[in-house]
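Okay, so chain A shows up in both of these, paired with chain B first and chain C after.
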Partner chain A sequence: MKIMIVDDSTIVRMVIERYLKLTNIDVVAQAANGNDAIALFRTHLPDIVTLDITMPGIDGLETLEEMMRINPKVKVIMISALNSKTTVVKAINAGAVSYLIKPLLAHKLTDTLRKILGEKP
Partner chain B sequence: MKEDELRIFIKGVMNYFTQFEGAKPAVGIPYPEQNNFIFLDYSGIIGVVGERKGCIYVTTSAAMLDELIKEMGLGEANDELRLDVIGEFANNIAGNAESFFGRNFRISTPKVITGSVDNINLPLNLPVFTIPFEWKSQKSYLVVGTPRRNV
Partner chain C sequence: MISLMTHQLGGFDSSYYAGLNLVMIAVIVLIPGGFIQATVNALLVIGSYLGLNLFLPNPSHFKIVINNLYFLSSTAVIAVAINRVHFHLIRKEFYTKRQLAVAKKEQDTIMNAVNEGLFIIHKVDGEFYIGEHQSESVKRIMGESFESGQKFTDVISSYFSLEKMDELGEYLKMISSKNVDQEMIRDLSPLEREGSTVDLDGEKVDKFLDFQFKRIEESEENSDFLVSIKDVTKEVEMENELREHKIKSEQESQMMLSMLHIGPALLQDFIQGVESELTTIESVLREDKYHKELNHAIDIIFRSVHSVKGNAALLDLGFLAEKAEEFEKRMISLRNNKNLTWEDFLPIAYDLAALQKVYSEMKELVERIRLFQHRGADSTSALSGLPEALTLLAEKIANEFGKKVKVVITDIDLSGISNKYAYPLRDILVQLTRNAMMHGIENPETRLKSNKKEYGTISLSLKLLDDTLCIDFQDDGKSFDLTAIRAKAILMGKGLEREIKDWTPSRLIKLIFEPAFSTTDESNSHSGRGMGMDIIQQRVRKIGGHFSIHYALGKFTQFKFVFPMGLFQLEKV
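Coming up: the complex of A and B.
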């Protein structure tokens, strides 16, 4: 399994990478904005993406739509501080499989990944 | 700004620290401020547009950010990481207010600064409230100036 981390915060990317060490998933790419994320997505074709929303340039929701056009089978986990029902529904309707609200807790990410991978907790 | 609106931002501060085990922040009594806005070593600023207009910022010491970086298990702090942490801290608080203020509460990506704000145009709109808080003996402040457009 290959995963890509997209967030404009270096710290958040580092924390997610650290949490992912608890799993058997390889981080194949990281991006700090939507444009770079889409380019890297085409190159690496990850199975899973963690995706922030509030980023410079193309935001996470537009990035999500583009990723779904490129590979409708990709599993995208939104990770954002935005917490309104409208934003969550928008992301799920656009194809995200899960929406985690920041601050990110390790067990929430690993539980979500286990569900995606079909593993029992 | 109403009390329940201020409470949302206080909740945002408390929420941020749920990612760390142990000490929780102590939040002081918010107070109105018209000028002389406080700035410590590092500040993360989030612009707000929509029904509300203005900005919020979080300001804190380098020592506090070093402690946060340590708590995150990311090793040695440096200036780049400190700026990133303060920006993300502000982003968390502002983003977590979205569910209360609704979809017309649109936030920018963080702007981060060190020291005072002599060279930037801070889009802080009155009335402004300062919310003091302390974590591990480090004082910090959340400053909120996002009135409704018709205020």
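Coming up: the complex of A and C.
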């Protein structure tokens, strides 16, 4: 299972990566903005992407749409602030499989990943 | 009569046979009553026929009587059977009707009693139509009942903006999708705490409404959704009021900030301090060596956050203090967790990112301020403005906690201290001031009772003597609460209870410099959570000094610091 992290905060990416390593999930790529994310997405073709909705440059929603065009089967988890509900709805309609509210809690991320991987909790 | 007819007309042998049959069935069936009544009726008919034949002058032929008896009894059996079935049907219908009436009444009661406006929308060919039933509250909340069969979006569109309607469209599209986990999307309704105007009997009323949707039938094309509408006007208004109040006090703080003339140097110094703390936190998250000792890592992060919080509060930078406070709260809960794992550090990254964001915004602001009010000499020392800030901090806490205080600062000479050491020094002084106000200085009533002046006094002197910097900080409060420290030591299991009882005051006082030791349970932006005194120890070590404590219980506490001069720049401006 290949996963990619997209978030404009270096520290957030780093900590998610560390956490996922503990759960034996390999992070194949990290990106700090939408453009990098799409470029890396093409080369690495991850199965799962955690995608921050608010980013400088092209935003999470556009990035998601582009990713869905490249690989419609990708499972994208939107990472959102409490007040971006509308964007979350749009993202789900655009093909995102789930969303998580910041700050990310480890067990919620685990639960979501399990759900996506079809494991029982 | 049937018996008579049977007798007179010949019964089984006669051409009236069929007619008689029907008459008998009709009589037995139509006479109300149950199975027993019908049987009695049938027996009466048969009995009276036999009687007629026995007592009338012209009895029928024996064979005819037998035939007729046969005919009467078989018809009676059929009639009784029909009666029984009929009776049951009637009874069943009656009960069903009654049950329906009860159910309807219950439903009406529910529909009339619930506070929420409840109704069902049916999805047919991509459109949502309003269902048959709805609760009374729909009218109470919306000012009108929604007509069944109408398009839901048409009805709702008069209440909300076009933009909201677009969002609603997206939302309805999402909840209709079979693949979407209903649990996951529960909180995403676009019509949550949404402002709208409704017409209540001709009067326009502004309201805040909550619309929730719950899918009740699983099928992509034709599904039903339960819609519930809640009037949340009161809650929202109350929250808004609180928020306004907060904004107002924040604006006051901002005004205070500008009145204070916090020197740009002080701000700059503050910014540098925050940056160094944020870097510390980041390195803890980044470097592997900390991940072996998670509790130690938490302590380091906590100290940094606490310091940011304290200094933000000192400069009245409410927004930053709040963010740091949130961060600190998370650290508290982590610190109490004995089985820390690295997973628990995930949210910290977000708190740090949030703090970093506020910090960079502030940094930019400070840069602008610096450019704007460049004031030469004044801006060269990072500690300029500190005496004023400390006085203000003491007065602010005094105000908040109903205390009175005078701050006396003498011999202060800050100009020779390099910025590198200014920040730790300020941390120490801020912490001491806060500590004196929170734990030392009593409220005026208590002070008067103890024959003290109503006003508490904090005195500070900062002198450069040859090659040494000497700081003397003193307050005339009640000094250490040894009973509370002892109790806390026992509670925290610092030793055996009977031994702790015999501990000397100086041994007890040493405890307050340990991480996570505080005798005050409640925490706010002024008091620490046991990290305060720890910070002093840390900072003193950091710049290579030492300190001693002198006190008299109930009278005063004095901290004396000595820092070797070699540490400081001597270039005076």
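Criterion: the second predicted complex is superposed on the first by the 116 of 121 C-alpha atoms of A that agree within 3 Å, B and C clash if a C-alpha of one lies under 4 Å from a C-alpha of the other, contacts with A are read in each partner's own complex, and residues count from 1 in each chain.
Everything that follows uses one rule, which is that contacts are C-beta pairs under 8 Å (C-beta built on N, C-alpha and C of every residue); 3 or more make two chains touch, one makes a residue touch a chain.
What you see is a predicted model; the values in this text were computed from it and never measured.
On the shared subunit chain A, the superposed partners chain B and chain C overlap sterically.
By the touch criterion defined above, A:M55 lies against chain B but remains apart from chain C after alignment on the C-alpha atoms of chain A. In the superposition on chain A, A:N24 makes contact with neither chain B nor chain C.
In the superposition on chain A, A:V89 makes contact with chain C only, not with chain B. When both complexes are overlaid on chain A, the residue A:I11 reaches chain B and chain C alike. When the two structures are aligned on the shared chain, A:T43 is found in touch with neither chain B nor chain C. When both complexes are overlaid on chain A, the residue A:P103 reaches chain B and chain C alike. Once the two complexes are overlaid on the shared chain, A:S80 sits against chain B while remaining clear of chain C. Chain B runs into chain C after superposition on chain A, and of the options 75-83, 111-119 or 363-371 the stretch responsible is 363-371.
Across the two superposed structures, the residue set of chain A contacted by chain B and also by chain C is 9, 11-12, 14-15, 18, 85-86, 102-105.
Of all residues in chain A, those touching chain B in their complex are 8-12, 14-15, 18, 54-56, 80-87, 101-105.
For chain A in complex with chain C, the touching residues are 9, 11-12, 14-16, 18-19, 22, 85-86, 88-90, 92-93, 98-99, 102-107, 109-110, 115.
Across the complex, chain B meets chain A through its residues 15-16, 18-19, 69, 72-74, 80-81, 84-85, 87-88, 91-96, 98-99, 102-103, 107-109. Against chain A, the residues of chain C that register as touching in their complex are 167, 170-171, 173-174, 177, 180-181, 184-185, 187-188, 190, 192, 282, 285-286, 341-354, 356.
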